[in-house]
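A, B, C and D are the chain letters, set down in written order, and residue numbers restart from 1 in every chain.
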Amino acid sequence: MSLGLGVIGCGKVFDWAYAHLIDGLHMRDRAHVSAVYDIDPSKRRQAAARYGVDPELEGPEAVVGHTGVDAVLVLTSINEHGSLARAALEAGRHVLVEKPMATTLDEAAALLELSKTSSGLLVCAPHTLLSPTFRAIHAAVREGAIGRLLTARARYGHAGPSWAEWFYQRGGGSLFDLAIYNVTSLCALFGRARRVTAMVGVAIPEREINGSTIRVEADDNAHVLLDFGDSCFAVVTTGFTMQMYRSPAIELYGSEGTAQLLGDDWAPEGWELFRNSEGYWRVNLETDRQWQWTDGLRHLVDCVESGRSTITRPEHAYHALEIVLAAQAAGTDGVAREIASDFPDPVYDAAGLAPEKPHLVHDHRSSRE
Amino acid sequence: MSLGLGVIGCGKVFDWAYAHLIDGLHMRDRAHVSAVYDIDPSKRRQAAARYGVDPELEGPEAVVGHTGVDAVLVLTSINEHGSLARAALEAGRHVLVEKPMATTLDEAAALLELSKTSSGLLVCAPHTLLSPTFRAIHAAVREGAIGRLLTARARYGHAGPSWAEWFYQRGGGSLFDLAIYNVTSLCALFGRARRVTAMVGVAIPEREINGSTIRVEADDNAHVLLDFGDSCFAVVTTGFTMQMYRSPAIELYGSEGTAQLLGDDWAPEGWELFRNSEGYWRVNLETDRQWQWTDGLRHLVDCVESGRSTITRPEHAYHALEIVLAAQAAGTDGVAREIASDFPDPVYDAAGLAPEKPHLVHDHRSSRE
Amino acid sequence: MSLGLGVIGCGKVFDWAYAHLIDGLHMRDRAHVSAVYDIDPSKRRQAAARYGVDPELEGPEAVVGHTGVDAVLVLTSINEHGSLARAALEAGRHVLVEKPMATTLDEAAALLELSKTSSGLLVCAPHTLLSPTFRAIHAAVREGAIGRLLTARARYGHAGPSWAEWFYQRGGGSLFDLAIYNVTSLCALFGRARRVTAMVGVAIPEREINGSTIRVEADDNAHVLLDFGDSCFAVVTTGFTMQMYRSPAIELYGSEGTAQLLGDDWAPEGWELFRNSEGYWRVNLETDRQWQWTDGLRHLVDCVESGRSTITRPEHAYHALEIVLAAQAAGTDGVAREIASDFPDPVYDAAGLAPEKPHLVHDHRSSRE
Amino acid sequence: MSLGLGVIGCGKVFDWAYAHLIDGLHMRDRAHVSAVYDIDPSKRRQAAARYGVDPELEGPEAVVGHTGVDAVLVLTSINEHGSLARAALEAGRHVLVEKPMATTLDEAAALLELSKTSSGLLVCAPHTLLSPTFRAIHAAVREGAIGRLLTARARYGHAGPSWAEWFYQRGGGSLFDLAIYNVTSLCALFGRARRVTAMVGVAIPEREINGSTIRVEADDNAHVLLDFGDSCFAVVTTGFTMQMYRSPAIELYGSEGTAQLLGDDWAPEGWELFRNSEGYWRVNLETDRQWQWTDGLRHLVDCVESGRSTITRPEHAYHALEIVLAAQAAGTDGVAREIASDFPDPVYDAAGLAPEKPHLVHDHRSSRE
């Protein structure tokens, strides 16, 4: 049984990332592409040719309604995420939607409701919770390895894309595009945030995009403070203002020690653990250097095949969206916002958690199955 | 000519730190201790015995008024800093005051005024600006090595002292005791802050101090956001809630690269620089592993001897105090505060900036002069 | 034009490593598999099924003689390398032969002679000289970045394979299987070695292989000293006796600085450069984390397509073989051996040397083209 | 009771290193300098003035014979080590002798014999076995933390002194001056070496020393291979040919894991441990950044005060000397040499092994007692 995929949006996120994961699923007869659509005819045709499917579908609804499509991938620009995910769920399809799941809380709330009754599964990006490294940290924290979580730092940023204007226009911005990763990861560890404040702005007012100068309208520089209750806090630093870093992605400070994720939460490079009772740093090497941030699709296929629930819950994505919107608001007037929503703790199954012993893994780059 | 020192407050800050630096100054006939006072008779007598001075001075004013005292070190608990520094300046003494220079802005402003007319120099802790490593970073940033500063992170925290209650009582707290270092360092690089917000609280309500349990009243956990104008921001993470870290102390993100200070800003372990134009990290090893955070005293002696102005300006300390007080306030109601004060950019002289070539330094621990 | 490949030996080296690279070449219509042979029928059939080719070829000569085969990959156990490579060259095929190219100097010399007159190209593993990171180091050294090379260390080892006996039997051993990488890399930097000595032995006399205990007959532990003339030396440390390391793969000490390759020379993780004149370490991040140690095959296809000479010269492989054989001999009697052979310095073309600026590379794991 | 010290040789080793440790012992009334001698009158007088002792002693025998001298420090150039140590032992003094203890095996053997009957203790440099970090590694290895030791690498080198000719003349050289540290450390872990070979030479034939060019006569570049029996080996890489490094000082590969000492064995910067059964690196931070390589003197005072035996045994120093002499010989003809001597495993007492918990150590640079 191979799952039929319908792809809406065939830009870089598809071409550079999801397509690679789909190749792997295809080789194992677990999924195949049945239909594609992109508003740009050249991208649409290129994707269609790759998979030998109809290059002239007339719109996203043709993907959703295609009889060979079991699951829809919503990889469009941000503004369409909510409505396309909704249409696909209403049609009984499984849905993977890129982040954010929607741009307003109302739209996201409707999606949440729908997901409870729909026959299709809803998987919302980011998929950072699925990496073996994140799972190891989550397990360590839940087992009390560093005591009670008290404070944390997270960061994700880069120099900013130079290939598309939308990142810098309304609906784009570093909070929506970048901060949402760290926010999702931190909440998976701390639980729900109660309160948010932020400093948010445009630090580089003009950018060169594909050779021409544009004015930046969406935030490109932000720090978000999260209050998890009981005076436990975290900060997320983000922006298209960070040329390079060399620091942990996530630092977790607990009452009995410290844990930190190296690399980025969407591309981990191992993790480190200090426990007061041990007195040394445990440096855990990355166990899966081939892990991809598109892993939510593999997870969706797993869940469809096994009948299990998804680890990443839509409520979690809703919560992250509420936080990002609150940060945007706090960024305008300097006043902290309360956060109302909640979400269940991720429940991991045992699968995939037992890597080979590191000293027996010799070649990290060769493809093994 | 050896400068006569009067020490007020002979606790751990004196005993563990300043005394060591005084030994070095003494060996080179640059300074000597003429008078000491501590409210605790045993500490007073121990210090007096160490230097062969009168063990029974009756109060701090006796130190200030002692004829052999040219410079007064104010190393008491925080609440007396302002008034003692004032008395010493009024008596025409040079003054080194530990941080914060005062606990209210009014008191600090009065001290500032007084320092302009006094014949004595006023050096306010922290002295982080004086380390060779910080100076190297400051020079690189001012030369444009990483372009325009856009965003930054800094952190300083530890598990919290277990030997004294006052850290956890009104007048103590992690903002006053710890955050002020990072705030001082960041402002030396970015210039004045315009606006501040924060999350501040008590994450560990009870502590064991010297074997008995106390209730914590002052903040032990905080994140402070700083707005430097033009949407350039920084965050300071601090607390008696961080058991151990393994991350840069200060990360500076500029439009053309990144610079970061390793170790702590009061105990640097080298620094790193990435420039987009170079494409690699420059890892600069620590050039002075013997540098002490008490170095302001050596600097005070230098300035007295040479007649030069101090690099660390009292206005800078005032600005840092205003920020910390604003962070405390913002921590209570979640509303950002404007910052009014300003300070001059530190002006370094050339002295001490040209270390030996690193490959010619063989033994970092032996004492060389 | 797609090059027809004939694969002789379909074990792990093929299955885990070369097959992955062939997939990539196939996707770009640059190469395809036309014939396969393995002495083990199940491996042969599995490989044949993968490419839809004849599963019942009767021997390696059928691969060599197959009309669809332009290039032969010799991936068998070590003892057959020389004779199979010879047969393929004699048939006018291009040849890629895994290391070592032969097990005796006579056999290797004959191959070398043949390669000069054959119409086919001969590419000998290891292919470490082809990685962008190695090329960057080679260029830096040749430009005098660290002055004159004086001394060096290299290491490559692991816990030892647990899946095949031949590694521990005559013809196997850590010198042949592992040391040859470092030897090849070091000679590419220092030039020819003049003299060799070594300590070589069996440190773990019994091993568990696939569940049964075997006696180890071939060396599993060795240090090889190389004399490059003018009292410039290097050491290669190798063995199936190294469970894990955390040190540079190759350290090069020159009269004006130090350069080192991180990771392994067959799987680089960036490189570092210290120049006395600069006084800091340049830490160069890995520019191609997808680079595969099978890259010699891509290089062979490049050379066939472009008509250019190979960068990796058979003379270099011969020299490495002479060194390894001399190390084996010196290991038995403790007497240093002279090395007679020489080889030309690798000549790189410009292709592939200009990576994107590191701060513009965002996602190292996604597949880009 | 304060031990009276007699110092013979007041050059850099005294001035930069031992004097600092003596200051600390003096402050605690554990030792004081009673007599000094240097062949250079200006050095002699400078040292004498420092301690207020007779500046005009006529020779080393006057130090040995001085009634106030309990222990003699032999810090002269290498050639006098043996005879001075002998004279002091014969006079019943305790002796600390810098490395090597002598320049011939006969001289060293005589010293060894004498030490067995003398009333004075004999402590031979290097003192690397005494550092808390080395002791932690030794304990871990003896407890089997990494199984059976199989292979190892060690390195110690630098750019070479530019202030004294003797390093490059007969009696100097990198084997005597540098390699002896690593050799001493490795043998403390592996036990006695059975066989040695080496490559040794002069890689930089001319040097600038104090502004004038000299010809180098002693080795400045070497690799030494050690055979510990049962095919367990180690390599020591040394030379005045290493401008800078960034790699572990000592790497120990055992059958169940890896341990390594960072920094240099005479100036450790923590250590790392990987155990197959754990699967992560334990990174142990340096627990005593103030530890000095002159610590043998403190140890000598400890032993005199407590009546305990020394941890560092003269037999160990003899063994190291035999190895270095064998390496010199093997370097000339390329033939491995057998090693005849043996030595007892260092026996540590419990003192000084329990550092504070790392998360409770806040300020590594301040002086605490």
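We take it that a contact is a pair of C-beta atoms (placed from the backbone, for glycine too) under 8 Å apart; a residue touches a chain by one contact, two chains touch by 3 or more.
Source: prediction; values computed, not measured.
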Q: Fit chain A onto chain C over the CA trace and report the rotation angle, somewhere between 0 and 180 degrees, nearest 5.
A: 180
Q) Greatest Cα-centroid separation from chain A: which chain? A) D
Q.
Distance between chain C and chain D based on Cα centroids, please, to the nearest Å.
A. 41
Q | Whole-Å separation of chain centres (CA-atom averages), chain A against chain D | A | 55
Q.
Among all residues of chain C, which ones touch two or more of the remaining chains?
A. 159, 243-244, 257, 274, 276, 281, 358-359
Q: Pick one for the touching-chains graph, please: line, ring, star, complete, other.
A: complete
Q. In the complex formed with chain A, which residues of chain B make contact?
A. 146, 150-151, 153, 155, 157, 159, 195, 197-199, 201-204, 221-223, 225, 227, 230-235, 237, 239, 241-248, 251, 253-258, 260, 272, 274, 276, 281, 334-336
Q | chain C contact footprint on chain A (complex, rising order) | A | 16-17, 19-20, 158-159, 162, 243-244, 267, 289-293, 358-360, 362-368
Q) How about chain D: which of its residues touch chain A in the complex? A) 257, 273-274, 276, 278-285, 357-359
